[in-house]
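Report on the structure given below.
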Amino acid sequence: MSKPRKLRSRKAGLPPGTLVHIGEIKTARTAFSVIDFDEQGLQERQLPDPAALARQPRQHATRWVNVYGASSPADLASMGSTFGLHPLVQEDILNTAQRQKLDAYEDYLYLVLHRYELQPNSLDLVQDQISLVIGRDYVLTFQERPSQTFEPIRQRLRGGHGSLRKGGVDTLAYSLIDTVVDSYFGVIEQLNDYAENLEDKILGRPGPGTLEGIHQLKRCVSQLRRNLHPLREVLGTLHRDAGDFFRADIQLYVRDVYDHTVHILESLEDLRDLATGLLDVYLSTVSHRVNLEVRALTVVATIFMPATLIAGIFGMNFKEMPWLANPEGFNYALSLMGLIAVVMLLLFWRRRHI
Amino acid sequence: MSKPRKLRSRKAGLPPGTLVHIGEIKTARTAFSVIDFDEQGLQERQLPDPAALARQPRQHATRWVNVYGASSPADLASMGSTFGLHPLVQEDILNTAQRQKLDAYEDYLYLVLHRYELQPNSLDLVQDQISLVIGRDYVLTFQERPSQTFEPIRQRLRGGHGSLRKGGVDTLAYSLIDTVVDSYFGVIEQLNDYAENLEDKILGRPGPGTLEGIHQLKRCVSQLRRNLHPLREVLGTLHRDAGDFFRADIQLYVRDVYDHTVHILESLEDLRDLATGLLDVYLSTVSHRVNLEVRALTVVATIFMPATLIAGIFGMNFKEMPWLANPEGFNYALSLMGLIAVVMLLLFWRRRHI
Amino acid sequence: MSKPRKLRSRKAGLPPGTLVHIGEIKTARTAFSVIDFDEQGLQERQLPDPAALARQPRQHATRWVNVYGASSPADLASMGSTFGLHPLVQEDILNTAQRQKLDAYEDYLYLVLHRYELQPNSLDLVQDQISLVIGRDYVLTFQERPSQTFEPIRQRLRGGHGSLRKGGVDTLAYSLIDTVVDSYFGVIEQLNDYAENLEDKILGRPGPGTLEGIHQLKRCVSQLRRNLHPLREVLGTLHRDAGDFFRADIQLYVRDVYDHTVHILESLEDLRDLATGLLDVYLSTVSHRVNLEVRALTVVATIFMPATLIAGIFGMNFKEMPWLANPEGFNYALSLMGLIAVVMLLLFWRRRHI
Amino acid sequence: MSKPRKLRSRKAGLPPGTLVHIGEIKTARTAFSVIDFDEQGLQERQLPDPAALARQPRQHATRWVNVYGASSPADLASMGSTFGLHPLVQEDILNTAQRQKLDAYEDYLYLVLHRYELQPNSLDLVQDQISLVIGRDYVLTFQERPSQTFEPIRQRLRGGHGSLRKGGVDTLAYSLIDTVVDSYFGVIEQLNDYAENLEDKILGRPGPGTLEGIHQLKRCVSQLRRNLHPLREVLGTLHRDAGDFFRADIQLYVRDVYDHTVHILESLEDLRDLATGLLDVYLSTVSHRVNLEVRALTVVATIFMPATLIAGIFGMNFKEMPWLANPEGFNYALSLMGLIAVVMLLLFWRRRHI
Amino acid sequence: MSKPRKLRSRKAGLPPGTLVHIGEIKTARTAFSVIDFDEQGLQERQLPDPAALARQPRQHATRWVNVYGASSPADLASMGSTFGLHPLVQEDILNTAQRQKLDAYEDYLYLVLHRYELQPNSLDLVQDQISLVIGRDYVLTFQERPSQTFEPIRQRLRGGHGSLRKGGVDTLAYSLIDTVVDSYFGVIEQLNDYAENLEDKILGRPGPGTLEGIHQLKRCVSQLRRNLHPLREVLGTLHRDAGDFFRADIQLYVRDVYDHTVHILESLEDLRDLATGLLDVYLSTVSHRVNLEVRALTVVATIFMPATLIAGIFGMNFKEMPWLANPEGFNYALSLMGLIAVVMLLLFWRRRHI
């Protein structure tokens, strides 16, 4: 996430409304596709450029324009004039380092949403920004790169039966939003799996790598949580205040998606608590091991130091020393060493230090 | 809790309202039972399938249908058309990985509640979802598996006297909710016992297993707390806004249940604080033990190292050395060792390090 | 606090409104006393049972019934019918494991309050529940066991002058509540003393017992804080919404009590911060001591190991070795040992490790 | 702060409105001074007792009575009847262990404010309570002991020009409050200096005294923060709701003081974060030092233990041993010791443990 | 940040509205520049003093006066009377230790904003205060020292085309605010780079310097966060309530800037979480290293202590000892030492302590 932000300062000092692309360019080729549909039929085309869009006659009630990789200000300006988009909306579509948000204009709603994918091993969150413009008889979607995200919706539209074709703009818009939010569940499930593995490892035999694992998990969860709060807000506003664009019937479904975000948020909070708990366990496991090491050292020293002293004593060169001349002297000395070792170990045992 | 969520992503991309079962299937056999009752009488039947339900004539004012293990979309669709349930409600009943919630429709309220049981030793929370539909003259309950949860209510209905039989839909609904919420008290009591045991162990002689115990306790409490917030919300809404379905008299009782959830929540917060405190105590106990070990090691080293040095000195092979020829030399040397040991111990004692 | 809650699950599944005593039974003998009073006079009696209460004619405007140890459902039902108490109120009076709360009924207010005492040494909080019913012309108080809590109020009533006798129900009710809240100050003062002792000990020479002390203090403070939030809420509601039962003049005094609870809460938060700070200090003191121990050990090892090596070297049995034949050899060797020890200590000193 | 609170429980059980002094008595002599002023002139007197106050004719529009050390209930009752103060206000003036607060009565506002001073070395907060009564044509100030706090205001009044003399009650009241709040800035600056010293010490070479320093800083900041929240509240209420007593023009200035408290609060939060950060740094510095000590010990042991073993081996009394007869044997042995020491050190170096 | 605050207490006791400069004086020379502009043209001048300003005729609709280093009360008083600024505003402009805030007066808005720069290596935040007065037909900007902050806006004005010239006061004001807020992005990016470096270092090989690095990062982030809350508040108020000064069209842009502050705040919270996480990782890395050191020591002691004992035993001077006369005795003894060392190492290995 740091890359896109790096470019944000490029805009400092430029007049507001200047169209400048901000963020990583994830695809070199911009692609435009148009689907016009209503209950009677459906027409689908790929367009070379947005100017062709303006010339395109519309034969069905609802038009859905999907754009992959819109990074050229000229394209945006052209689409902006076709659909009457405010300069700020054009600017925001070009800036792929946005918060999720909902801006209500008189003739359309502008939504910024994020779709996440998780690189399974590195726990790297890939965030794609999806801009939605929901007009009276059209929906525009802008994605950072070609993806299969909306393919199931296209299939359902092409299929022709089902509520989507006859539902019009609001049903389509709801379906698109629902699809984006559903993509979070996959991420949550991957994170859960990762956390469970981590927990097993930590309660078993943690290594220094596990520490980095906890750190990554916490970072990932914290980033997602931070991004879910605006998403929840967007959906809450949509549910409460977008009666103009969504029929009452569809509003029920929007509330349902809103409930999903709350559910996701709670799962993330469970994960955060879990990660914090794991760190505590890890830290105290490390402490406990230091303890075991020191104890081992103490036991070794306690057994060998007295014995070494005795050996040293009988190694002294005094003329007159007891036991030296005694044939059993050597055995006496060894027995004394053994005896002291046993006594020391028993003392340890008593203090329950073994 | 991770299992059910795993299946959640199955739905990504499907049209909303598609009936798909989500979550673990906890019973293979779906069972339907109907109780019709009013002040005049009560009739109780087991039905083979929901279609039979529609054909069943009703002789008493209030009908309560209880379903165990509803995991077949067809059954749900059939019940849905019998009672006029919205597709979203049908979908939610099939999805046993829901938050607790209350959705108000025109002709009925839809509640999702959770009932908890605690596996006594492993501190594993078992969560069963219970869906309630409260209509004008019927109550539907959906449980994930056969259980005795509502048996006391059935007994009271069969008994025939008492307020339940003449109370009708709202009294029954309240009693069902009260029963579910009461099940939390048992869990809290088990957790309290567990925490007290843990505390005794930690203030006495903690082992590495206690760490895992604290971790489990914290996880368990955090999961319950997370689930109680929506429950409190549900009951708050029920108390404030469900005047349509609950008579003023019953509202008083609903407020009482609401108070119970607040009480449970506070108990959980006590438990969370306790668990955090126990972790602190455990960690500092481990630290303290490292200290004791190091101290023991230091004392041992401090006594034996000087003595060993003296033994070494008198073991040197110099031609001329004091004391060697003296018959008392050996005793002098031993006395010197003892003296130094005593002095070192006294020094330690003075620095209060023993 | 765990004992009473243990019994809570006895009620699961029973019909609501079933009168069952929950909580520890703290006195075997239930005692009823009645004080009727107004500006003209005062009449005080002990009654054998609540039925006598109904038969008791009232000669003065205001009646105050105090009950110690109401644990029999029958007594409650009898008083309930005398004063027209809702079954839920009767149930709550019997349940001594309640949150503090205020329930407004049409003809009376029902308050649950807690009075605390602190066992001075063990830091054990003793919590007694006090139920108040404030009617139009009577006040009922239910305490778990005989206590002197309300004795000063009785004295003032008997005294006959002062505002209490002519004030009527609301003045009496306010005085009772004020007395209960005032009991918190004693507990806070004891906790403050305890915390100051603890602080002195920890900044001086902490032992393992201090850790348990901090733990007890934190637990105690956390439990009180948890219980004060509902108390503040109760008094806030009383101040804002009980205009029906309290005259404007008395409301000023209720606001004053409300201010006291806020003050108590702040004192508790000071105590909590203090306890947390003490734990930090304790933990880092233990760490620091480990450091000192290890340092002592290092110094000892650093002085004796080189000397022992030198002794060992001159104890080797080589035919030809320097110094051995030299009459000063022994002294050279000892001097070398001393020299190395001094150099090592200086090195330590330079790294400021001594 | 613990002293005054200790006396709080003296009041438990007394009738409300009983005038009892609570808190430390900081001055033995109570002093009354009166300043009457308006644009025309100013008259200033010291009075022996409050009864004289009532007899005192007033020649100017605004009267400011300042009292040092009001601890006698009789004085308070006398002033109370002169100015018509509610018994609760009289009670609160006597109780110098109050929260800061604003109570609005019909004819006057009653404010409790705290003025702080910091004992420079011990970081001991000295808290003086200042009670303000703002009437229609008078201001009363009650301080715990004689101080110079309000002297600058007296000077400005005596000076005669400037807005204060012609401003009347609200300008005077605002000036008094502003002066009290300004006294916080001095404390904050002292705390900042202290914290910077501490930071330098900790990032340099912390000793055990620094730990106590952090603890004192945290306590001090936490106590001030706790007291600023009610102060902010008081000033917010004053700004929003005291239109009756403050002209619109003066309200602007009150808002300015309100802004100051928010600023002070933010400085305190910076200080709190700093103190927490310092504790973390201190703790990990101690840990790091333990590490260095253990490392030093390990290095010493690693160099001398193998050498001692070699010396021991060549000190054994076997008949046949290599090197013993060799004239270079002694040097071989010493070289072997040196070689092993070098190898061990190199190994350490490789594991970067030196 | 501590320097400016130090001077704050200079004002304690002075009458409010007294013009005193508070804070560091960052430039010795005060500089005044005036730009008058409208769609027709632009006139730009440098003025010697504010009195000249009042004499300056205005030929274009909008006047923008920029002042560098206003630290003289006289200058401020002169400008104050030219533009009718309230004494409190004049006072606040002189006080460069203000919170960011928005004060609405009848004829103008007064804003205090902060511009930040980060000293790249030391992570020292440099904070410059910028005061804005937005009148009906003029804008005043006060900066603490000469800077290039507003140069791009001057360029755009001089350029003459674009919306700025014809936009008037509100467009200019918005552009100035936008420029200040944009300056935060640069700081955030620098902090992100710093944090990433730190993370690499800590997950690799942390030294004691990294600890100070984390501390600085946390301090810096905490300071910025604290300052962003009031900024967000200012922009929120501007967006909601400044309809009087900003046309609806410009309000959209103000909302956009508001969104930026929220975005910045979230980035800071990410950074704070990251810093906290890094500290945890650092601390447990240090713990882990202590563990490794102790383990190394244990291994060394465990290998050499038994061997030294054996050498000592065969160095004893008993008359009769086994092996001594045996020609292989020496080898036996060495083998025994080796054997014991191997056995000890294996035992360690088994307990996985190596």
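Per-chain numbering from 1; labels A, B, C, D and E assigned in written order.
The working rule: contacts are C-beta pairs under 8 Å (C-beta built on N, C-alpha and C of every residue); 3 or more make two chains touch, one makes a residue touch a chain.
All values reported here derive from a predicted model rather than from experimental measurement.
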Every chain in contact with both chain A and chain D is listed here as E
Fitting on CA atoms only, what is the rotation between the copies chain B and chain D? Please report it in degrees, nearest 5. 145
For chain D versus chain E, what separation do you get between their C-alpha means, in angstrom? 26
Centre-of-Cα separation between chain C and chain A, whole angstrom: 42
Which positions in chain C touch two or more other chains at once? 283, 287, 290, 294, 297, 301, 305, 308, 312, 315-317, 321
Residues of chain E touching chain D in their complex? 1-2, 5-6, 8-9, 11-17, 86, 88, 98-99, 101, 103, 205, 208, 211-212, 215, 218-219, 222-223, 226, 230, 279, 282-283, 286-287, 289-290, 292-294, 296-297, 300-301, 304-305, 307-308, 311-312, 314-317, 321, 323-327, 329-330, 333-334, 337
So, in the complex, the side of chain C touching chain D is made of residues 151-153, 156, 162-164, 174-175, 178-179, 182-183, 185-186, 188-189, 192-193, 196, 203, 252-253, 255-256, 259, 262-263, 266-267, 269-270, 273-274, 277, 280-281, 283-285, 287-288, 290-291, 294-295, 297-298, 301-302, 305-306, 308-309, 312-313, 315-322, 351-353
